[in-house]
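Sharing a structure with you now.
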């Protein structure tokens, strides 16, 4: 049995029993990190594997979240809803995000590189505009509360707490397990895709469009498919985010969230599924943990004194780490994890890209 | 795969065995009675009471939260110096919500077990986001927004008059002084968010009351150039423009009006900074702008204002005082009253502090802001507003014209909206 | 009719400022292949310094100090951070500029706090009236300065060895090296110019009829992204046309959205993005960039 | 002559004002090894790229077993039985050699996102078939020891072989090799030449190659087409090409028009 398998097994066990010990802050942090992990896995398939940079990931996470709410909520005088069984609505939310990805996927099929980056920024602003305008569905600027999840009569919220080995299990504990389950499924399926036929085809598309098409790979279709797949994972993450925060607002799915996801996969090591998860945990936890232990940090001023307090410092640390990882740490957290798991294979050398683009009249 | 299962299974069994002795098994956290006979709950120990501040602390509007928390601390420093509440000192735990309600929720979850009440100096609808959690935890939130939607959250307390009622007061003042007469047109420039929608609603209400016509325009909440909107309203012949925005568009609208020789009064809630009033647009602002406000300008000679200025001067190393400092100071004063009441009742649990807000009755702010009354849940704590005039020479950039006063129109409007119960 | 003319004038001057900003994106992109997300940071820090310096040394000194600061910060970004990175992947380096942006904007915002800082320009809120058009004097000057800056840039681009190097370096690093052009010089000078152009547009965007220097100014750089991309990221001419198009669309949307009603009533905020979406779906490489052919 | 398997007729390619290929025609006999040679800039690679749909044709047709190939979208060409390699290696460095070879099987497999993500039986069956082909091709080219290495870390010669192996995994009828031995030493190129010949025998391949190494071309190929400045100046068996004064002059830098008169003399005398 390899060292990495033992490590992964041990990690899973720790994660399974963690809700018995952790309090609300850590449970919520974990659930958010796991949701972010699912989203980051999707994004790394698009950006890291297929080489298409997207800043619209928050849009699809948002569609998943709002989709679940609209499908699962009953109509009220404040906002419209369909009142589906929540489990069905959760699948519906994921489906809507995937559908959104499918509708917008020709964009990824046609537009490349940094052009796609900018046009997807546009999608974020357009999405937020739409959320404001369809107040009867989205709750407008106020947002909407999230109905509890219920799977085949098993309540995953606070209304029917479980007692597991004498420990009361509320929504936070249950969602930790749900998040873990979704994350594991996302992880395994993404690994299969990356190592399987579509994944290596996308790696080839990223290397060279022409080379890929000479091998019979339909470049546009491949890129569009990657966009769709990223949206699907984002939708699942969106449902988890909604369940965890119990209330969603338009600002929650804006440009900042999209950049956070990008930062996660870069810190994690582009194209690496486990790196994406590690990056997600890191980016989700860093500012919140720093805020939580702010008063124990020396040399910082207190909030309101006009100096640099822990909250501002956490932004600085976040930026500094991002910059340093990009500058020096080739392979990101994925490489660090690789070292931890024992030597497996040498990393690919980091070549300077050849100037392959030429403007031909 | 099989070897993997072999590795995991025993570890899992071991884990479950260990988990049986989780510390969470006997849930006895929070609650109890101190040696002094005071019942305590989350955030209260035998010598301290911890309050949360969930505010933006970094990024473009991070300054607002930083100054707001400075105001809250300034007030409680004074309280602590006088012996605190119930022989306990007041401590503030501030967290950055990045001006994002969902982030407020996350931060709240991290803190809710360790604080006795929450101050939220964020110009959004965070309290609505938190509503179900607040109810469960019994915590009170002092809200940093005057969005009337917050009135529906019984655990939330706004420290003044809702935006829409304030707009009605402003229009009523303009009618009283003869600027507006029946049949005139009022223009609105509004953000597509809380303040914008509330002001729009207030203007519509006032227009109905006074027989005015209304012309609506919108402005993007990231935009600061109101040229197109002002030109539209000029063509519509608006005699007054009411701003449902932050300070930036107000300054822009005044400048545009001045530049194009448009004789219009611009009515805005006081979100102008000293820099706005003393900057390039100062003449335009003085000529065109009239402000409504929930709090007194720093030029006021009310004792509470002077006290605040003196306290700030002593502590701030020459940093200028700003409106958020005063807002934080005022909120802290309200929270202090509730804490004192809860202490007198011998119960410092969160729910008791929340209930105390209603018990303390009318809260006099000694001229710092409008007087507040939380005794009826769901009702607006005040219907009065200050009317201010910008004045570059005055401290804080404005002087009081009248107020705080509650107009008849505001009373009627509030009645129609169910703000009076 | 009046409103049409006014929308045209306002769109033109706004468009000129967007063009200046877009030109900054294009210069940096051509030289280093990076889409500079830190443009807003350069703009904000430059305008902030201009405001602080102008308090003691007057407006013009402030402007010069601001432009130099913008250029300097941009050069530091290129020489310290980008050049020393071990990765050369343009997408990854683009993300690095996102980190730089957040870092600088957070610090400058902290310093500005809740205040609105004045720029103390001597023109203030004068307006000029030409026929039915009423236009802020500052915006008219902005138009003139933008046209001048763009002209100077185009002259440099066409007729100097630096410009020649700019034109070839993006296409073929080897050819440029053979021509004796030092790529490192081309890239840092390009960043300097990009930084200064950002501040130049910022100086006008913070003047009348907007209230002054606030942290939110950094976001205006985002509004110029579509301008740079609509024209084609590598195209200087495209940046100019894209900028003007964008200014026009925003001005017209702001003027007429009231009469559109429904979903369109607040369209001006996103009109640029909708335009971009449509343009790129039709021409994925922008209006003026030639089709990119990959060599094998 | 037997019916050609691959036939170029009147190929013309323009870049802006430059004519890169001018009315190029030649035919490749099935089962043959056919070389396209010419001095630098003669248009050899352009010819390859035009035939595989990478460059738009200004005029001319390409036929594969009589059917038009030039109207087929470029990602469908491999399905018609034409696989190719590139002059500059086009290999994603992070993939293992085995993955790169599997890429060659892309057009012969079906497993989509869902089947792969869930590791459905159909996807796993396909994978097993692929792996059999991958292993046998790797053995032929001597790559079997490197299947799990990332291509990026391999020496140049092995990467070159990986690229050829990938094209072979496509099980093509016609294999287009763009400078297969460029950058190799004599012994290596001779060995690779042997491998190419073996592959032809074993899989019944037709090989069309562009190559600079004259010795290899002459020893390996059955037929040679010579290009200069985008035109065909000679098209014959290798031993005749070797003696063709036009070709010799072209390689020495003379104007083909001048030499042509001389050749006609030679031909008429012969």
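To keep things simple, chains are lettered A, B, C and D as they appear, and every chain counts its residues starting from 1.
Quick note on the criterion: a residue touches a chain if its C-beta (ideal position, glycine included) is under 8 Å from a C-beta of that chain, and two chains touch if they have at least 3 such contacts.
Keep in mind the model is a prediction, meaning the values are calculated, not measured.
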{"item": "Most central chain, Cα average position", "value": "A"}
{"item": "From chain D, the most remote chain by mean C-alpha position", "value": "B"}
{"item": "Centroid spacing, where centroids are CA-atom means, of chain A and chain B in whole angstrom", "value": "33"}
{"item": "Chain centre separation (chain C, chain D; CA means) in Å", "value": "48"}
{"item": "Rounded Å distance, chain A centre to chain D centre (Cα mean)", "value": "44"}
{"item": "Residues within chain B bordering two or more other chains", "value": "58-59, 62, 66-67, 192"}
{"item": "Junction residues of chain D, two or more chains touched", "value": "54, 86, 88, 90"}
{"item": "Chain C: positions in contact with at least two other chains", "value": "106, 110, 266, 269, 296"}
{"item": "Of all residues in chain D, those that touch chain A in their complex", "value": "15-16, 52-54, 74-79, 83-84, 86, 88, 90-96, 99-100, 102-104, 106-107, 109, 111-113, 116-119, 123, 126-127, 148-153, 166, 170"}
{"item": "Residue ranges of chain C touching chain B (in the complex, touch as defined)", "value": "3, 6-7, 10, 105-106, 109-110, 112-121, 124-127, 134, 136, 207-212, 214-216, 218-219, 251, 254-255, 257-258, 265-266, 268-269"}
{"item": "Footprint of chain B on chain A - complex, ascending", "value": "1, 5-6, 8-10, 12-14, 16-17, 20-21, 23-25, 28-29, 32, 132, 140-143, 145, 158, 165-168, 172, 245-249, 251-252, 254, 256, 287-288, 291-292, 295, 302-306, 309, 311-312, 314-315"}
{"item": "Residues of chain B touching chain C in the complex", "value": "58-64, 66-67, 192, 216-220, 222-229, 231-232, 235, 247-248, 251-252, 255-256, 258-260, 273-276, 278-281, 283-284, 320, 322-324"}
{"item": "Touch list for chain C against partner chain A, complex", "value": "29, 35, 81, 84-96, 98-100, 102-103, 106-107, 110, 171-174, 222, 225-226, 228-229, 233-234, 263, 266, 269-270, 272-274, 276-277, 280-281, 284-286, 289-296"}
